[in-house]
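Take this structure first; my questions come after.
When the chains are written out, they are named A, B, C and D in that same order, and each has its own residue count from 1.
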Amino acid sequence: MLEALKKEVFDANIELVNKGLVIYTWGNVSGIDRESGLFVIKPSGVDYDTMKPDDMVVVDLEGNVVEGHYKPSSDTPTHIVLYKEYPEIGGVVHTHSDWATTFAQAGIDIPAFGTTHADYFYGDIPCARELTEAEVHGEYEKETGNVIVETLKQRNIKPLDIPAILVKNHGPFAWGKSPANAVYNAVVLDKVAQLAYNTMTLKPNTERVNSYLLDKHYMRKHGPNAYYGQGSK
Amino acid sequence: MLEALKKEVFDANIELVNKGLVIYTWGNVSGIDRESGLFVIKPSGVDYDTMKPDDMVVVDLEGNVVEGHYKPSSDTPTHIVLYKEYPEIGGVVHTHSDWATTFAQAGIDIPAFGTTHADYFYGDIPCARELTEAEVHGEYEKETGNVIVETLKQRNIKPLDIPAILVKNHGPFAWGKSPANAVYNAVVLDKVAQLAYNTMTLKPNTERVNSYLLDKHYMRKHGPNAYYGQGSK
Amino acid sequence: MLEALKKEVFDANIELVNKGLVIYTWGNVSGIDRESGLFVIKPSGVDYDTMKPDDMVVVDLEGNVVEGHYKPSSDTPTHIVLYKEYPEIGGVVHTHSDWATTFAQAGIDIPAFGTTHADYFYGDIPCARELTEAEVHGEYEKETGNVIVETLKQRNIKPLDIPAILVKNHGPFAWGKSPANAVYNAVVLDKVAQLAYNTMTLKPNTERVNSYLLDKHYMRKHGPNAYYGQGSK
Amino acid sequence: MLEALKKEVFDANIELVNKGLVIYTWGNVSGIDRESGLFVIKPSGVDYDTMKPDDMVVVDLEGNVVEGHYKPSSDTPTHIVLYKEYPEIGGVVHTHSDWATTFAQAGIDIPAFGTTHADYFYGDIPCARELTEAEVHGEYEKETGNVIVETLKQRNIKPLDIPAILVKNHGPFAWGKSPANAVYNAVVLDKVAQLAYNTMTLKPNTERVNSYLLDKHYMRKHGPNAYYGQGSK
């Protein structure tokens, strides 16, 4: 079942490795079929070198494995929270990519310093608060999803306007319209984090890009009058 | 038409990827045929993996597409300003390369710290001022070209003496005698920016290279009595 | 003799190169056969490009070469101390990998800043004290092993809970259940050190991950109720 | 003539590219035949991609081209000074490698922070003084060699004990017993400079490795009782 989506999710997981965002088994991508309400996710701790599309696990939104010979990623409950809350997203990614994880460990937002950032993220990329001891001891991975949703709500962020977040002392989650798009956003997130690190270590107290340039770049790619690309966005 | 130039511009765009200066569709190179007054530029938002020489777009200096099945790069008006102002340049490049973008985001010039810099850039590489709100809301990409020209004029810089500039909160533009030469300069720009970043973070307040060593190195490669290379410069 | 272990140790040495942890001959891996009390180690100063499984040297725990046409690694006495002290380890690695060596040169522990660290190391990764002049002038490589054991004891660390250490002004040692597992830990060590460097230069005085999140992540992979992976841990 | 040496020098130049120490034509290696007093050096500004062993240039110690269809490297006079002063060296390298050039631009020595450094360089790697205006306007490349010799003399350094130096605001020179050994030292130099940069930015005011550990590591590889490697050093 869902063979095409399995292939998409498999390819998206492999792309994480090819882009240098994960080593060993450190990451996971999922993709959802909104019609059936089922999603496909990487199995837990299976080596990327030997993994096949058929090893992907099909899960429903209550967390039941519907098909698959492996256990799904241990982060599956986080993906579920995001899919349930945001019908507009079709893929979710988690990594420990170098530069995004650096900001997650430092516990600070990635400031919007320029157009590279603004082309994809409409403002600072937030770092969610630390989970409480009760949350960690409870349904940890589900609470991770909850704190992501809490943060986006508090800041009035629509998920596709800033399609990534940092979880404090942990790492980034990214999402998108599809598994491939979510991985694309995860790659851009890490590049944007790297540029921000460089900028802040080169010149502490650098000011953010002004709001009219932020608007201009985000809108020229994503607004109703977008004119970047060939119009098939 | 202009098949040889299309191939040159295509190759120069691919070279950007090979040298690690761009990911995805983040960059563009153009080259001009001064005789016909037409230039060839990368299409907007087309994937480098599938792009062919024939996908390059031919544009005149008023911005009209003369030939091509794609829309030209959204930065086309910036290229036009540079070609109109500087008849001595034959190629223009825009990237978001890591180290040059770092300086653009910090909003500071790249100081000339050594002979690696002086071999190609005859002095600090300027960071142009922030565009005003009116400029961004108006013909944004054209105004980007205008602020580049304004900066070079204010600083009395001949474009081939310092063949690159940073646009604040955006990224670098570079140019050269040909598309390949412009890409070469974009690669050197990023290397020189990396060395400057390293130098400034290792030892803040490092002094610039003295003027006689700057002169010596620039002139031994580019002056009337240049003696570097095999004389076919 | 021990042909399978020789192949394992050889592969683990080559993996060090493939993962970018060593250049030239800068590193060594060994693996032990607990039944016979013999271990297999890389020869000293032999080029990785031409090295073959058969070039591995078999040594006993008194340091006598039992088989091999080459001298064993000059760090052999350090490996012996670790194998003697810790029956639970099956492989030992020494490298001068970039980020771990940075902390060793700075003489500071690698603080546990996040879950990437906690997934593999149950607390800060210690930097052992400087060796005394007498220790360096005496049986230097053996004393290096002794100072590692001394440090783990002082800090009440079980070797598989934090399977790596830094030796001041020198570099890292890592270990594991097998040669391959030791190399895995050496790779993770360097990645975790890189993230810590980035975090500390981005935001000095960053606080460590809190203890309940450290516990959670270490235990979800390594505790009695581990639920990461496919259960064949 | 000197066909074997030409091949050696050619291979050493290519190795510079393979190790990531140079881009484009930014570097040169030479090797000397002490019997004939002739040395072989890379031609000036010739592309590494198309260069052949036969393109190497044979030069005598007065700087006369004895054989070759190209002009020799513009840095040839620097190589000559070193070969004349130090009969024990057989190869010389110049690069603008990232980390060594960073220290050259900052104008500071590379401090000996650990055993990685001590294994190859018996103390801090010096940064030579700035050349005077008269020296730059005179025989610049020869004066570059003179300031290297002046620095080693002032500091009582035997060239094979610290086989590299930084020239202020310029970049590194390295040397060795052969062209291949000189390149090896240039690679280690850059790695050691990178580790020193990391150490100094992670913990400013880090102290140097103590002298007895420096002695131990240098001597275990290079002293009369060296015991690293297979004895064919």
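Brief remarks follow.
Note that a contact is a pair of C-beta atoms (placed from the backbone, for glycine too) under 8 Å apart; a residue touches a chain by one contact, two chains touch by 3 or more.
Remember, predicted model here, so these are calculated numbers, not experimental data.
By the document's definition of touch, chain C and chain D have no common neighbour.
Ranked by separation of Cα centres from chain D, the top chain is A. Taking only C-alpha atoms, you rotate chain A by 90 degrees to land it on chain C; that is to the nearest 5. Chain D has its Cα centroid 33 Å from the Cα centroid of chain B.
Distance between chain centres (mean CA atoms), chain A to chain D: 46 Å. Residue positions of chain D touching 2 or more other chains, listed in rising order: 201.
Chain contacts in this assembly form a single closed ring in which each chain touches exactly two others. Interchain contacts (touch definition given at top) occur between A-B, A-C, B-D, C-D. The residues of chain D lying in touch with chain B in their complex are 23-26, 43-46, 70-71, 74, 96, 98-99, 101-108, 130-131, 133, 136-137, 140, 169-171, 197, 200-201. Within the complex formed with chain A, the chain C residues making contact are 113-116, 184, 187-188, 191, 194-196, 198-199, 201-203, 206-207, 209-210, 212-213, 216, 220, 227-231.
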